[in-house]
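Below is a structure I'd like to ask you about.
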Amino acid sequence: MVTLGELADRLGVQVSGDADCEIFRVATLANAGEGDIAFLHDPKYRDLLDNTNASAVIIDETFADDLSVNGIIVKNSHIAFAQVVAWLNPREPKEGGVHSSAIVDPDSQIHPDVYVGPQCVVEDGVTIAAGCELGPGCVVGQNVSLGEDCKLVANVTVCHDVKIGNRVTLHPGVVIGADGFGLANDNGRWNKVPQVGSVLIGDDVEIGANSTVDRGAIENTVIENGVKLDNLIQIGHNVIIGADTAIAACTAIAGSAKIGKQCAIGGCVGIVGHLEITDNVTITGMSHVSQEITKPGVYSSGTPLEENKKWHRNFVRLKQLDDMARKIKAIEKKIDQDKPGN
Amino acid sequence: MVTLGELADRLGVQVSGDADCEIFRVATLANAGEGDIAFLHDPKYRDLLDNTNASAVIIDETFADDLSVNGIIVKNSHIAFAQVVAWLNPREPKEGGVHSSAIVDPDSQIHPDVYVGPQCVVEDGVTIAAGCELGPGCVVGQNVSLGEDCKLVANVTVCHDVKIGNRVTLHPGVVIGADGFGLANDNGRWNKVPQVGSVLIGDDVEIGANSTVDRGAIENTVIENGVKLDNLIQIGHNVIIGADTAIAACTAIAGSAKIGKQCAIGGCVGIVGHLEITDNVTITGMSHVSQEITKPGVYSSGTPLEENKKWHRNFVRLKQLDDMARKIKAIEKKIDQDKPGN
Amino acid sequence: MVTLGELADRLGVQVSGDADCEIFRVATLANAGEGDIAFLHDPKYRDLLDNTNASAVIIDETFADDLSVNGIIVKNSHIAFAQVVAWLNPREPKEGGVHSSAIVDPDSQIHPDVYVGPQCVVEDGVTIAAGCELGPGCVVGQNVSLGEDCKLVANVTVCHDVKIGNRVTLHPGVVIGADGFGLANDNGRWNKVPQVGSVLIGDDVEIGANSTVDRGAIENTVIENGVKLDNLIQIGHNVIIGADTAIAACTAIAGSAKIGKQCAIGGCVGIVGHLEITDNVTITGMSHVSQEITKPGVYSSGTPLEENKKWHRNFVRLKQLDDMARKIKAIEKKIDQDKPGN
């Protein structure tokens, strides 16, 4: 429990209403009750404010006049709320030490306060800095280095020679540094091209469950500082993802693509290889990016959902599109020729 | 081995032909031989019935007149066949007990007939009810509860505080309860919003290999009774999936989407967040759902496959579609003006 | 270190320039320096040849006249380079033996030179031939057989009864032989159809991180010799993939589809079930294949990426496509009727 006043103090702002109001939990505006604090950032949910049973609400300045319950008014309530969630739900750090069932190569350097959980494997040449936690079943390959305060949640695989920065979180099932898809075609059969690059991951990166980041063919695959990847994302070999870019689930980026900084890429997007996307580009979900993007902005591809029968009628016309365009041109020409005066 | 008569008895129906016919295995109509039982449910495969070498066939009533071999006639031969497959291929239940290599926290409650396989990890506060089997390498986090007769096949990760019902099967590599993709943007950098909700999974749910179900941001992600998820599916935080909905592989559902009951969603579908899909909706494969669906029915999006050169001709026209529509309108107007009488 | 002459000898070709030139590493044309060998195969990178600092370059015959540094001229420099990479980066084979933390059922047959890494599980009835390496955390289920020189990198799951050929590599998180998505609908509820087929994998197959290959419903799922699968790919039950076909990441192939030999399938492609694709078919990324393909060639579907506002204007027209086509036809008819002489 904290008081609303204590939260406001930590956020460096004033309380609107009762500073002694007791806060136990976070909740949504819709479902909050006694002892809960909620937030309002997205105007879409403005109406929920009037009927909320929350004991207090954190809101953006723009909604200040609408606040009828106890509250905290800030510039960006989403950010403030994130902090409050963390304060109300402190994560117990694991005590340092290597679980008796973990297999740690003696030729590795693990800071004494690092936690290595049950069934983990840490191979030779590995360096793990202070504050790291390896949850159950993680595998850390030869010569990997992990910076400070990294968290490998569970069943994570980091392959040999990968370098990871500070405060990186890898969720369960993540695979970093598996071989890239490098093949040379020899009269119809595929020869493997050994993948001798590695993966460099910067600071403050988070990678979602079961995502995969392949090692480079010759040079490295690079994930810069502050990048956030959702679940089931594929990052091909030699891809470079610029700082502070966020990518939603199930997106695939093919080999040697270079993504700019502070991009926002939706889910299920496919980005072909060997192209460049500049900084500050937003790509909406399920888009297919097959050419470079040189100008910041919002980009999309894809077709609208329709009732199946209607869709099918339009679907067959897609194959006639070029014909249709030619016919329109022919008609225009004809009308032009036939017009009075000709 | 069973006789056809015994199978018919268990299904509560009559045999057509020789009740003493001996059945050893299931097989497909096309490849069945002596001792095999096949089935015919889909009219598409009707022709295979005439030449099958199966010793017996289970068929739908609609095909009753076509049966020329021994058989069992039922309302729905697919369901009957599923039962026969199970009877002919009984699964040996694992004997209860915790493998010596598993790490089970003493502060957990595991029913004595539960099987905990090699290299598993069960953390403190976990409750596992009777009849559960945890295959090799599974990780069950703090305070998770598993109902009766659940099966975690192998290398499954269930994160802390997740609640799972009865008769739930999680295939290898499944991750339940990893953090949702909750981020607040602070001048171009992303702050993590701690994810303090959990995941609730109902009874009779099955989740395919390497699928991921994220924990809720504040409230819970919910998978209702009877839901069936295929492989490599992403379920975002605070998604609700209604009872008896089935979803094919590689589909992604973004945060806070609410899917109705008894929906059938194809593979590779992308569903954007914060929208609602009503009950009894079918969505065909690779569709993009970006708006709510309020009426039961079949929905689709997407474009037809074409030979690449033809596709490219039509592809470039897609960027001219609005222009084409305007030209048509202009032509119509012109023709209308020019028509005799004007 | 090797000399350029030694490399040329092993490739069976002549050196162009200084045969005593010392080679330590592979590098890209753009970033190579002293002691590095690079290659030029794709004409797109031709210009990099003139300014490279590589000590030597392997090039295709077509570029022979352009070579101004030491070099090796071959028919296909990509294949030659793959060999050189392997020679310069020899992989240390793991010494045979079972790690003390691995759990290996005594009723299994493991060749003495096989390496079974820490935290592995090998169940009863398993056969593992000479030269195999199982990295950390791999699970090999009942009655699985692995041919010679297979490599399961880490945290791989191979389910019961799967048969795998020689020289097969499975990257981390791969799941082979999980149950297919077999369901029979009983008045709105789904009954599981037990999946009693298995998976057969040929020789020289490579499967990328976190990909899944489901076991067959009745008969087997089959991956023929030389097939290469990238990461996060889904192969449904009873799919057959022809020899030497390569498939890029995040592609999903639904149940009972039959893919030909020497096909090249791009990333994020969706292929519906129960259809056949002939040999030598190329499918570009993000295409949706919903009908059989009977003729070799290149096939595509999908829409172009556009700046979001323009895209939206065209997007809404897609729902009017059939109307547009009908209007064009009506206009053509009208003009035809109105033409002089009618």
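By letter and in written order, the chains are A, B and C; residue numbering begins at 1 in each of them.
Definition applied: a residue touches a chain if its C-beta (ideal position, glycine included) is under 8 Å from a C-beta of that chain, and two chains touch if they have at least 3 such contacts.
Computed from a predicted structure; not experimentally measured.
Identification of common neighbours of chain A and chain B yields C. Judged by shared residue numbers over all numbers used at their interface, chain B and chain C contact each other through mostly different positions, with under half in common. Computed centre separation for the pair chain B/chain C is 25 angstrom, with centres defined by C-alpha atoms. Touching of two or more other chains is recorded for residues 101, 119, 137, 155, 173, 210, 232, 250, 268, 302-304, 306, 318, 320-321, 324, 328, 331, 335 of chain B. Remark: chain A residues 101, 103, 119, 121, 123, 137, 139, 141, 155, 157, 159, 173, 175, 178-179, 181-186, 188-194, 196, 210, 212, 214, 218-219, 232, 234, 236, 250, 252, 254, 268, 270, 272, 282-284, 287-291, 293, 297-304, 306, 310, 313-314, 316-318, 320-321, 324, 327-328, 331, 334-335, 338 touch chain C in the complex.
Taken in their complex, chain C has these residues touching chain A: 26-28, 31, 76, 78-79, 81-83, 85-86, 89, 91, 99, 101, 117-119, 135-137, 153-155, 169, 171-173, 206, 208-210, 226, 228, 230-232, 244, 246, 248-250, 262, 267-268, 285-286, 302-308, 311-312, 315-316, 318-322, 324-325, 328, 331-332, 335, 339.
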